[in-house]
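Chain IDs A, B, C, D and E follow the sequence of writing; residue 1 opens each chain.
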Amino acid sequence: MLQRKVVIWLIGIVCLLGTNPAVARYNESHMLAKLVKEGKLPPVEERLPEEPRVIEPLEEIGQYGGILNVADLDPYNAIDARSLRRHGLFRFSEDCTEIIPDIAKGFEISEDKKTFTIHLRKGLKWSNGVPFTVDDILFWWQDIVLNKELTPIIGRLWKPGGELARFEKVNNYTLRIHFAEPYPVVTQLGHSFGSGQGGLYDPKHYLKEYHIKYNPKANEIAKKEGYEYWWELFKVVRNPGYNQWNIDVNLPTLDTYVIKKIALDYQVWERNPYFWQVDTVGNQLPYIDTLIDRLYGNQEVLNMKVMSGEIDIASFSLLLSDYPLLKESEKRGNYRTFMWKTAIGAAVAFAPNQNHRDPVLREIMQNIKFRQALSLAINREEINEIVCFGLAIPRQATVLPTCSFYKEEWDRAYAEYDPEKANELLDKMNLKWNKNQSNRLRPDGKPLSILIEYYSGEGPRTAICELVEEYWEKIGIRVALKPEDRSFYNQRANAGLLDIGLWHLDCVTELHVYGQPHSGKMLSFDGGCGWAKQWELWFNTGGKQGKEPPEEIKLFYKDMEDWSLVTTKKEYVRLAQKIFDFHAKQLIYIGTVGMAPWPVIVKNNLKNVPTQGWWSWDSNFWIAFEPAQFFFTQ
Amino acid sequence: MSEDNIKALLEIKNLKKYFYIEKGFWKKIVGYIKAVDGINLYVSKGETLGLVGESGCGKTTLGRCILRAIEPTGGEVLFRTEEGITVDITQLDKEDLRLIRKDMQMIFQDPYSSLDPRMTVFDIIGEPIVINKIAEGKELKDRVKDLVKVVGLNVKHLKRYPHAFSGGQRQRIGIARALAVNPKFIVADEPVSALDVSVQAQILNLMQDLQKEFNLTYLFISHDLSVIEHISDRVAVMYVGKVVELADTEELFFRPKHPYTEALLSAVPKLDPRLRMERIILLGEVANPANPPPGCYFHPRCNYAKAICKNVEPEWQKVGPDHWATCHRAGELNLRGVT
Amino acid sequence: MNNNNSLLELKNLRTYFYLDEGVLKAVDGVSFKIKREKTLGLVGESGCGKSVTAQSILRIVPHPGKTEGEILFYQNNKKVIDLARLDPFGKEIRNIRGNEITMIFQEPMTSLSPLHTIGNQIMEAILLHQKINKQKARRLAIEMLDKVGIPIPSQRIDEYPHQLSGGLRQRAMIAMALCCKPNLLIADEPTTALDVTVQAQILELMKDLQKEFGMSIIYITHNLGVIAEITDEVAVMYLGKIVEYGSIDEIFHNPLHPYTVRLLKSIPKVGRKARMRLESIKGAVPLPLGLPRGCRFYPRCPQFKEGLCNLDNPPLVEVQEKHKVRCFLFG
Amino acid sequence: MVIVLWAVSITAFVIIQLPPGDFLTSYIMKLEASGQIVDEAEIAALRKQYDLDSPIHLQYCKWMWKMLHGDFGKSFEWNRPVRDLIAERLPLTVTISIFTLIFTYLLAIPIGIYSAARQYSIGDYTFTVFGFIGLATPGFLFALILMFFFYRYFGISVGGLFSPQYQLADWSGAKFIDLLKHLPIPVLVIGMAGTAGLIRIMRGCLLDELRKQYVITARAKGVSERRLLFKYPVRVAINPIASTIGWLLPGIVSGQTIVAIVLDLPTVGPLLFRSLVNQDMYLAGSSIMILAFLTVIGTFISDILLVWLDPRIRYEKQAR
Amino acid sequence: MKNKQDKTSLEEKYYIASQWQLMWRKFKKHKLAIFGGTILSIFYFITIFCGFFSTQDIYKRHTQYIYAPPQRIHFFDEKGFHLRPFVYGLKRKIDPVTFRRTYTEDRTKKYPIYFFTHGDKYRLWNLFPTDIHLFGVKSGGTIFIFGTDKLGRDLFSRNLHAARISLSIGLVGVFLSFILGCILGGISGYFGGTVDMVIQRVIEFLISIPTIPLWMCLAAALPPHWSPIKVYFGITIILSIVGWCGLARVVRGKLLELREEDFVMAAKIAGATDYRIITRHLLPSFLSYLIVNITLAIPSMILGETSLSFLGLGLQPPVVSWGVLLQDAQNVRSVALHPWLLIPGLFVIITVLAFNFMGDGLRDAADPYK
C-alpha cells in the first residue's frame, strides 16, 4: 500500500516537473491517453484551446481517475450533479460580487453601458471536437430566440426599454451585443445559468439537423420521432438543461462531463475529452473521470446512502436539521461534514398583503406601525436556537452584507425582540383588546386574525411558522396556519388572496439583487408573496387597471426603474441604499433568520474542496468552487 | 274435476314455476328448471291433501307458489274466501295478498331456521297478529297465551327465545304462529321430517287435533309415505314437477294406477321383519328437472314402459272415481298396492 | 356364543366428551357382540349415542371425546385386539381402519372429498392397506365400482363426487369401504339422506354384498323400518345406553322396554287404517348432559315408578335367550 | 369488464386533472425553484405542445384513442414514451411482487396450517399475536425502522435494489445475487401485512375444513393424520387463497407504493406517485389504467384459477 | 334442592337471554378480545378527558428542552424509597461539534409528582374552563413522560390529544362507510335485479382503482381554504369512500343469505311489509355481523389516516393526530436520535391490534345460534 502511494507520488512529481504551461505541454487522463494511443482521439494539445483556462488547485495538484458518486432527488433539481459539471461563458464569484470568465476569455461593458463585448477562446471545441465559435451564439440568437415558433415572445431581459438587443459578430471569436439604453443588468449574463448552453449558445452544427431553416426535412424527422412539428423535437433535442433526465445523449456540450447513459434512477457522465481547463502544471481537467448521479426517491434513503459512504459529495439534497446525524456518522461514512453559509436573506420572510381585499385589514396592514409590531414580536434568537442550532443570523429581511452598498442598520431594523414595544405600537393603532384580554379587535369590532397560508416545503417553514404563530398571538393577533401545496399557494399568492405572504428571501447578493425582474425579490411587488398585486397591476398597465399606489410607493418604483439604468458606481450605490432604506423603514418583508448554515458532505479522500464557502443558487452552487479540480487521493 | 269445484276451497289450474338458469356476465338465460310444470289440483274445505314425492320433485315449490311466497310463472290459484268470493291469488296486488294471507298460512320443515332466533316466543307468535292488526295490548297477550296453550306449550315460556326449545317444541311454536291469524288453509311443508320419531307422532297428533278444532284445511307435503297415509284424506304423488297420480288415500295406497306410485309404495321399508318381501327396485334416480327425458318423465325407470312412453307426454286423465293419473297405461295395468 | 363366532365385542364402552358445560356422556357403558356374517342394527333417536359408538369402535371420536372400556376385535388369525387400548393416531389402529373394519356415512356428498376423484379416494384406501401398485389398485377400484352397480365404472372412476347423483355417491362410498374386503362394515345411517326408491336400491345392494363378502355389518339408523328390513339383531339405544337388545323378531314382535314399545307405536304404518290417532312419547330427548339419576327414560316413561326408577340405574337383564332389557319392570 | 375499464379510464383522467394547476404549472414552479427563467411566451408554447389548451373531453378522447392503439403517450417529466418508462420499471416490480408472493405464501401457509392443526396451542397464540402486529404496523414506519436498524447493526445500506457497483452493470449472476441480497427487507415489509392476513384466512379455512365429514371418512379409511391434513383440508383450504393470487399481484404493485417510496425501490409505484405529484398526465393516467387493468385481469385470473383448482366450480359451470 | 333451583334459574336466564346477551356470554370467553376491548375503552376514556390526563398545553413550548428524551419517574433516590414518585431535573448539553442536544438527569433537582395539580388552563369538552390535571410537578420542574419534540412540546400531552382525532377518525369514517355500505348493500341485496347489478359494477369499479391515486385525487379535491375541522371530515369521507365497498358486499352477501331463511318467508306469509321484514328481521340478524365488520374496518381507517399523513395528503400540523405526529418521526434522524418520536406509532399499533383482537372475539360471538 505504502509502496503504491510512493509510486503515485513519484508519478505526481514527474508530472509536476514535466508539465510547464509555458512549454505548452499538457497532460491528460490515462483514460484519454489510451484513446489517443488507439487513434480514436487527437492528442491533448489539439483538443485544448490556444489559451485554456488555467485553474489553480485549491490545495494541491490532483490525481487522475475515480468515480464521483453524486445523489439527487429530482430530475429537475439534480443540482449537485449539474453544478459539478455545468459551465457558462461566465460565472459569478463565490460571493456574487464579480463576474469571472469561464468558457469565454473575457468581456467588456462599454462606458455607456450599452454595448457588451464577449471574447471567446480560440480553438475551444465542443465535446465532439467541433470548434466553438461566435456562430454558436448567433445560432442561439437568430435561429432560436428570434424564431417565432421556438420563442413566440421574447423575454424582457433582451428588451431593455422595449427595444430588442442587436447581436454583432466581430469575428469568429468576438461578439458584440448592443442595447438601446444603458443596461447594467446585463451583468446577469454573467451567471453561469444564463450564459451556459441553452442560455446564450447552442451547438449549431448539431442542432441544424433539426431546424427547418437548415434542414427542410426537419418536420419529417420530427414526425418519425413521434412529434407533430419540427420545433417540438428541436426543443427536446436542444434541452436547455432544466431536466437532467431527458438530455439527448448525442448532444455536444462544453461542460466538464458528457452524458453516457440515462436510466430512470441514475445517470453516467464521462469526462469531456475536449474540456478546456487545465491546472497550473498543465494537466487537463477534470481530474475525476466519471460522474454518476443517482436519483433517490426520498430524502431518507439519500441520507442513509450518504451516511454509509456511498455518496462522495453532497449538499443540495441535505437538510440542516439532519446535521447532527450526518456529523455523527462521519466516521462510518468516511466523510467530512462542513457547514457553509447560504446566501438567503431570510429563511422565512413575511409580507403583509398591502392590497388586501378586506378594507379594514388592508388599512391595518398598510399601517407601518402594524408591520413594525409584527417584526418586533418575533423572537429571532429563539428561532435561530430552535431551528438552526443557533448558527444562522437573526436579522431583518434585507440584502447580504457582501453587497457593496450594504448598511448594517438594515439588518437590525426592528429586528430586536420587544413584544412590549410591539404591544405599544398596536395600542397606538387603537387595536383594542377584547374583554378577556386574549385577542385584539379590529376597528370594526371583529377579532384581529390572520391566516398564514404557506407552502410547507423548502426549508424549515413549518417550524418557523409555528413559532411565529405563537409570538403574534402573544401580542393579541389570532393566527391560523395553513400549509398548502406549492402550486395552490402560488395561485393564491398570484391572485393576491393571502393575508400575509411568505417565502424565503433569496436573490439578495450584489449581482442578483437587481436585474431580472423575476428574481430580484426585494424589487418586486410579488416575490412569491403577492404582497401588492393591485399596485403591480397599476404599474404594469400604466395606471389603467389595479389600484393606484400611494406616493411613496410610486417613488420606490421609480427608484427601482432608475437603478436598473444607472451608469456610474456612485449613482448605483446611492439608489440602492435609497431602495433598501425604504425597505428597512417600511418593512415590506419581515425577516426572521438569515444566512442559515448548510451542511456539505465531502468524502475524506476527495480533495481540493473548500471547507468554508457560500452555498447558494446565486453563485450556482458547486461551480463557484471549480469542481473540475476536485480529485480523489488514490 | 268439475263436480268438485263447488266444495273446493282452493283450486290450482295449470300452475307453473320455472327457475331460470342464468349464465355469464349478462345473465343470459340458457335454460330453465321446470320445478312446477302445469299442475292441476283442488283442495276441499276441511280435508287434508297429502302431497308426496321424492326430493327435487317440486313439492315444496308448489306449496310456496300457492301462497305466492314465490311468484309462480303461470297458472291460476283460485281461493274461495269466507264470503264465498273466489279470487285468483296469482293476480292479487300486494295489499289484497296481505289480506288473503290471513286465511292461508304455512308450517315449515326446519324448526330451526323458521323461527327468528332474535325474537321471543311471544313476539314470534304475536307478529302475525300485530301485522294484521287483529289485536293489541292485553288482548294480544291473551290471544298469544291461548295459542300457546292450544299447541301444548307452557305459558310461562313466552319470554324465552327459540334457542331454549327442542325441535318438537319449536315446531309447536311454528304451528302456533300459523294459527295466530285464524287461517282456513295451511300448507304444511314437511312439518315432521326434521323431528325425532317419538316427537313426530306428537306433532302429527297435534295437527289432527287442531284440524278438528279449527276446521282447518291442510296441504300436507311430505316425502314419507307412511306419514302421508296417516294424515291425508286424499293424496297427490309428484314426479319431476308434475302430479302423476291423485286419489283418495285408500284408493291410492291399495289400488295405485301409476307405476311410480307402485314403486314408491313398494320401496317403503315395512315395520315388520317378517314382511321382508320382494320389492320393486327402480333403476336409476329421479330425473333432472333441468333436463328431463322426453315423453313420460318416468319412462327410463318404469318397468312397464312402452314405445309410446318414450315419445309422448301422457295426459292427466281420470282413471276412476276421484282418481286421476298421468300414465299412458294407467287403464290397462293392474298394479300392486299395499298388501 | 362361542368366541369363534364373534367378530367384535364391546364391553362397557364409555365415550365421554369433556366440555366447558360439563361431561357429555355420549356413550355410557355399552356392551354387545357382533357375530360373523351377521347384521347388528343400532337404533335410536338423535343424540342416543349410536354414531359415537361407531366412531368409538374405529377410534375416530372427535376432539374432546375420550373412549374407555374394551373393544375386543377377533381377527381372522384368532388374535384378539382391544381397540380401546390402541393409540388413536397409531399405526395399529390405522391398519385396521379401512381394512378390517370400514365405515360408511350418512351424507355421501360431504363424506367424499370434493377435490379428488372417486377413483383417487378408493385407490387411496387400497394402496394404504394392500401392497399392490397403482395400476392394479385402479383395476381393483373399477372392479369394486362395477360390483356396487355403478354403470361404466372405468369412466366414472375419474369423476368427481359432485358429478354423481346421491345414490351413486353412496355406492362409491360402499365400494371404497369394501375394496379391502373388511370383516366388519359399520354403516352409519347410509340411506337417511336418500330417496325411498334409492334407499331400497342401496339396502338391496348391501344385502347382496354381505352375502358375497361374508362380512358383518353394524347398521346404525333411526328408521325402524330399515332395521326391520336388514338386520339380524337389534340394539335399541337411549341416551348412551342400550335399553333393549334382541333378535329382530323379538324386538318387533315382543318389545319389552317401554321406550321400544312406545317408539314402535308412535310410527304411522303404511296400510293401516288411516287417520288413527298415534301414540306418542311425551317430551323430547334431552341432551345427555347432567342427566338425572336413575333410569334415563323415566321422565318420559308412562310406567314410571316413583322411588325406583328415579333412584337407580336399571341393569341390562336377559329376560329370554337373545333378549335383554334395561328396565325395572323386568328385573 | 370493458365497462369497468372504461369507467376507470374516465376516472383516471379526472384524477389527473383534478388537482389545481397542471403539469406545466408544477413544471414552471420547479424551474423557478431551481433558478431557471421561464417567460410567459415559453409557457404558452409549452401549453400548446403538451396539448393542455384543448378542452378536457377532447384531451380525453385523444388519449383514449392513442391508448387503444397501444400508444400510452409521452411522459412530460421524463420526455420518454410512457411505455418505455413502465417497461423499465416493470421487470423489477414483478420480481419484487413475485418474491413477496412467494414469501407470503411460504410463510403464511405453513403457519396457517400449524395454527389450525394445533388450535389454541402456545404456537398458535404466538403466531396470532405476531400476525396481528404485522397487520397493525404502518408499513412506512416499519420500513424506515428496519432500514436504520440494518444500517446501524449490519452496516448494510438499504434502499434501492442494487449495490452501487451493480447498479450500472449489465445483468449477470453476480448482479442477480446482489439483487437477492437486497430483496429481504422490501419483501419482508411489503409481505408483512399480507402474510398476517393470509395466516388468518388459512387458519380459518382450515379449521372449517377440518370439521368436515370427508376428513372423518379419510380417517376411517386409515389415512395417517399428517397425510390426512395435507391431502384433504389443506388442499381445499388453499383453493380460495391460491385463487387470490390474481388480485394480490396488482395489489402488491399498487398498494405497496408507500413502502416502495420509503425504501426507494425502482418499481412502478413510486413512479406513479411521482407522476401524480407532478401531474405528469399521460404517465399517471396510463399507470392508473395499467394497474386497474391488472386488477380486473387479476380478478379474472383468480376466477379462472379457482375454476381450475376446484372441480366443483369447474363442472358447475360446464353443467350450466 | 337449592342447588337445583339455582340451576334452573340459571338455565332460565339462558333461555330468556337475547341475542346480545348470548353474544356477550360468548365474547367474554375470548380473553384476547376482552383484553383488546379493555385497552380500547381505556384509550377512549382517556381521549374524552385528554385535557385532564395530559400534563400540559399541547402547544406550550420549552425552548430549553428541545428533543428532550422521556423523563424517568423515580421512586428511589439516594435516600431510599419514596411513596411519592418524582422526576429529576434535566440538564442540557449541546455537543459543540454535532450540535446535538443531549440531556442528563440533574440529580440535585428533584420534582415530586403531585396528583390533581393545577397546571395549564384548558377547556374540558371545549365547555368548562379548568386547570386541573391528573398529575404534574410544581412549577420550575418539567415532566415529559414521552419526551419533547422539535419545538420542545410535551409529547405525552400531544399524543393524548392526537388520540382524540385518530381514534375518532376511525369511528366517523366507519360510520360514514357504514351508512353508505348499509344502504347501498341493502338495496343491492334485498331488491336484486338491475339495481344490484349497477351497484355491484360500481363497487367493482371503485375497487379496481388503485388506492393511492384515488386518495390523492380526492385529497386534492378538498377545497383548500377549508378549516382543519372540515379537512378532518373531508379525510374521513375520503377514507370511507374507499371503505364502504367492502361493507356493502358484506351486507349484500348476508342479506342474500338471510333472504332465503324460512323465518323471513314466514314473516312474508304473515303479511309483513318489506319495511317490517328489513327492520325487524333482517337488520337485527346481520347487525352483529356488521358490528364485527365495523370493528375490523376501524383499524384500516386509522392506518389509512397515518398513510395519508405520510403522503402529506392528510391532516396538517397545527392539528395533532397520530399521523401528524408521525410526520415528524418518519425520517432517519428521528429513528436514530429521537426514537421517542415514534411513540405515536406504538399507539397506532396497539390500537389496531386491540381492534383486531376485539373484532376476532366479536366474530366468534357474532352468531350465538350456531
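Here, a residue touches a chain if its C-beta (ideal position, glycine included) is under 8 Å from a C-beta of that chain, and two chains touch if they have at least 3 such contacts.
All of these numbers come straight from a predicted model, not from anything done at the bench.
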item	value
Smallest number of contact steps required from chain C to reach chain E	2
Chain located farthest away, centre of chain C as origin (C-alpha)	A
Chain at the geometric heart of the assembly (C-alpha centres)	D
Chain B-chain D separation of Cα centroids, rounded to whole Å	55
Gap in Å, rounded to a whole number, between the CA centres of chain E and chain A	47
Mean-CA-position distance for chain D and chain A (Å)	40
Touching two or more other chains - residues of chain E	220, 224, 330-332, 336
Where chain B touches two or more other chains at once, by residue number	none
Junction residues of chain D - those touching two or more other chains	19-20, 144, 147-148, 262
Chain D contact footprint on chain A (complex, rising order)	69, 74-77, 79, 150-157, 193-194, 226, 232, 235-236, 240, 242-243, 245-246, 261, 263-266, 268, 292, 294, 296-298, 300-301, 304-305, 307-308, 310, 332, 458, 485-488, 490-491, 516, 518-519, 617, 620
Chain E contact footprint on chain D (complex, rising order)	3-4, 7-8, 11-12, 14-16, 18-20, 128, 132-133, 135-141, 144-145, 147-148, 152, 250, 254-255, 257-258, 262, 269, 272-273, 276-277, 284, 287-288, 291-292, 295-296, 299
Interface residues, chain D side, partner chain C - complex	212-214, 216-225, 231-232, 235-236, 239, 309-312, 315-316
In the complex, chain B residues that touch chain C	54-55, 166-169, 196-202, 204-205, 208, 223, 225-227, 229-233, 249-250, 253-254, 263-276, 279, 281-282, 285-286, 301, 338-339
Residues of chain A defined as touching chain E within the complex	299-300, 303-304, 307, 321-325, 327-328, 382, 385-386, 389, 391, 456, 462-463, 466-467, 469-470, 480-485, 488, 492
